[in-house]
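Here come two complexes built around subunit A, the first alongside subunit B, the second alongside subunit C.
Showing the complex of A and B:
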């Protein structure tokens, strides 16, 4: 009996040591952070670390394959404050209200950090020299007003934000009062705004992808910014727009591809800006100019398959050397430029800008005829939305895959033969 | 329903050279628009110029031919005395109207079948697009509604020429004049009044009703803009679908009932 009792106790002990699942959260992460010397590297083992944590000294925090940080608190899970040279790598943060908050930091980098089921991903305040790369954020379900932003940056400068992937957040990137920021190769889907610039100066947004958001880029009161090579598709909700530029100055919109958006590019009170070499393809309205001015240039763009190419509220910008697929002129001297100006002015387009209820009639049979009449009467227009040098050829090369769909051909043929047979049979006396 | 009369009408309709030309025209235009735009542009879901062209083609041509052919067929019966001859057989007014309606309906359904089968086959050859099922459904609704309107136009008309004129007036009103009037009114009234007038017009104008149906059933109601958010939200709900069905049925049944009443009155006067 005594022997049996000893064996039982020993086996229980063995089970405790080896069989019980490893629970990393019994180790305090904060204690490990505190114990790491400045400039040191803290490698976190696999496991779930629950709580709120703070970094206030230069360290590198590296996660392992299954390192997860969780928090039930209504605040931030991880704070990085009043420090520099901090690096976070390979960490999963889940179920937090706010994932990471950085305040008064410099030379901080985030690499391959994944946040899921968070109200807001990362917030950065008063920081400089920040690099964010490979951040993946999946927000919570629900209306945009119930969510926070993916990555929000306030009063900071010199930031590089690249290769990040956000879904289901309010604004993918919220940028306020920031100087010198580069946003490249990011993807934002199913959110309110892809990038939301406010009071920002000297920004670059390139090679990003915006898909099925309310608006791809919302840019307000911002200056000296380049937006180029972005892929902007299917912002086609009620108020959907590829880019909206409001009260902005010195903005270059170059080499972007806009496809199937409700309005591809809407500008309001835009000054000294350039819209060039973009492709506007199959949008409901390609370019909308509201309270625009002649210092803006819309040049060398391709307008293909849009319902309305350019519309305005009566104000205008300089429009030249664009390609319009509905241009009906000819090129006698073979210089690639049409001999007759292209007039984008449409009565209906202008009505729609002034009175949104007119949108019901877009491309209705009546409006199609009206547009045709406009085309004839507008030949004499010289003031508004006139391109004196329309291009004859598009610079955009459409690549459309074409494979014969056998079942469609066969079904079509069978139905056609049946229809003709039926007709012939009924006609026969 | 008098099956013999229906068979006779259906045969006469298909033998008509006009009908055969309409069939060729439809097939040609449907295929041309479909293929030219499919080859030129990628296949994108949504309200694009391609879908708008297709929708407008449907709304411009189909009602025009249905109204003219259908109304002239009825007016011709009344004018030539063929209807009086038919009345010597045991056939009621309802049977006459239903027979004429079904013959017209099925003739245009056959034309649509041919047109869409060629579009499907050619699309398969081009390897581009699938058959737009929403358009197939809307084409059927168009034929259902405008065939009924064609019958009433024919009953109201005093002669074939009158029927032709009446059909053109109805067509122009439905497709163009009502919209232009509303757009003109919109320049004078506030936006919310224009919005309400537009909603009324959608229900009272069969062409707009069909066009509105495209936006609802293709999931593109956001094309109509924020002004119509509540309105489209209702029609995107199950109740909305039922209401859409009921209004559509009303657009078929009421003109046919009215045609019966008017024909009886005409007979009474004669």
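Showing the complex of A and C:
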């Protein structure tokens, strides 16, 4: 019996020594951050860390498989301020009003950070050399007017924002007074604007996907920007639009795919810009040029299955070498260009620019008749919305991915041969 | 005889109504459908919104005071019934023509024009004192104000 008690006491002692959490483990997250030396790496164990935290020195914060940060406060959960060389990796932030706020920072990176049930995801102010990659944000339920933005950036420069995925926020990316920013391979769904540029210079938005937002890209008072290879689908609500460009200059809209939007591309007060090599497919209105667009060119685009291809309220912009599926001309010299000009002028399209409510009469018998009359009278139009060199063929080559699996074919053949053999044998008998 | 007097009374009432000024009232914002007439932005920051009640009974909505002023410049005066802007920090609509304004480059508005409206000059001045920033503007000043980003 004595021996049994001794063993029991000894085992208890061992448990106290080894199984009880060390002092470091019961430190709060803020204490752990404070205890990490500059340039150090803090690896957070699995668990839920509640509260508000602040980073003001160069450290790397790494989460484990189930590291979660939570906050009930009406402010930001994590602040990164007045510092540089900070990295955040593999962390889940939930139930916060604002997930992360960065102010006056440089060389900061966020990798694989997930935010869920947040009013606003990340806000960046007065920072430079920032990389955000693999950020996932799921906003709160409700109308977008009651939510904050996914990632909002103000007065900053040199940022690379890629492979992020946002849903249910106000604007996926709100970019205000930013210089030199790249947004690539991001997805924004069910929000107000996918990307909202304001007073930005030298931006690149490529290979992003926008689906079922009010507007895919809203670009305002912005200059020297490329928007390329984006996939813009189903912005088809009452005020829906693929892209809206307002008071912008030197913008290149190239190789984008617009499908099933109310208006695919609307430009207002746009100057010295290019719309080229895009595919406009099954949109209510493909391109809208309004309010004194100047020195813009719309070229080499494919217009397929749209109700109205191009409309304008009187524009200086030129259109050339586009493919229009409703072009009825012929190509005698076989150079791929139609012999007579294509005139995109539609009386009804022009009226819709002035009174958007007219869109509800599209394809009504009266409008169909009007369009037919336009087709006849347009033969005399020489100035507005005239493409002198319409393309006879779409530049878009349809590709069907072959998904035949060899083993399925082999098995099928074996079964077929066996079936034939069985049948012949039955017949022979 | 009584009927004659009654008819006369109604005719006079109708004539008086026709002579009187129309009473223009602001309408409620509808976040789902209202977009700024000038810049096309959805109006989600209601606290900066403006509207013009046109004399023909229509309303035009704006997300920022700057957009409203720009639109007004292209309208005939007779077409404008009344103009409204949201009172800073409060829910109510105030008359643009009698309001006072504060501008500062650090005041955020949807179009970053940095001008906000107050019901009276006193309240606007108090805001400037409290915040330690801002320049007082009158309605007449808005006409010559250089709208655009000032940062």
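Here is the rule we go by: the second predicted complex is superposed on the first by the 366 of 429 C-alpha atoms of A that agree within 3 Å, B and C clash if a C-alpha of one lies under 4 Å from a C-alpha of the other, contacts with A are read in each partner's own complex, and residues count from 1 in each chain.
One rule holds in what follows: a contact is a pair of C-beta atoms (placed from the backbone, for glycine too) under 8 Å apart; a residue touches a chain by one contact, two chains touch by 3 or more.
What you see is a predicted model; the values in this text were computed from it and never measured.
> In the superposed arrangement, which partner chain does A:407 touch: subunit B (first), subunit C (second), both, or neither?
After superposing on A, A:407 lies in contact with subunit B but is clear of subunit C.
> Should A:239 be classified as contacting the first partner (subunit B), the second (subunit C), both, or neither?
After superposition on chain A, A:239 lies in contact with both partners, subunit B and subunit C.
> Please indicate which partner A:284 is in contact with in the superposed arrangement: first for subunit B, second for subunit C, both, or neither.
A:284 sits against subunit B, while subunit C stays out of touch.
> Have a look and say if subunit B or subunit C is in touch with more residues of subunit A.
Partner touching more subunit A residues in the overlay: B.
> Touch test for A:427: subunit B only (first), subunit C only (second), both, or neither?
It touches subunit B, and subunit C stays clear.
> With the two structures laid over each other on chain A, which partner does A:259 touch: subunit B (first), subunit C (second), both, or neither?
first
> Overlap of the subunit B and subunit C footprints on subunit A, residue-wise?
Of subunit A, residues 238-239 contact subunit B in one complex and subunit C in the other.
> Which residues of subunit A touch subunit B in the complex?
Listed in rising order, the residues are 234, 236-240, 259-260, 262, 281-282, 284, 304-307, 325, 348, 351, 355-370, 398, 400-416, 418-420, 422-423, 426-427.
> Sort out for me which residues of subunit A touch subunit C in the complex.
143-145, 155, 170, 176-177, 192, 198-199, 214, 218, 220-221, 238-239, 241, 244, 246, 266, 268
> Provide the residue numbers of subunit B that touch subunit A in the complex, in ascending order.
10-11, 14-15, 23, 37, 39-42, 44-50, 52, 55-56, 59-60, 110, 113-114, 116-128, 130-131, 175-176, 179-180, 183, 186-187, 191-192, 194-195, 198, 207-208, 211, 222-229
> List the residues on subunit C that touch subunit A in their complex, please.
Touch list, subunit C to subunit A: 31-33, 35, 39-44, 46, 111-112, 148-149, 151.
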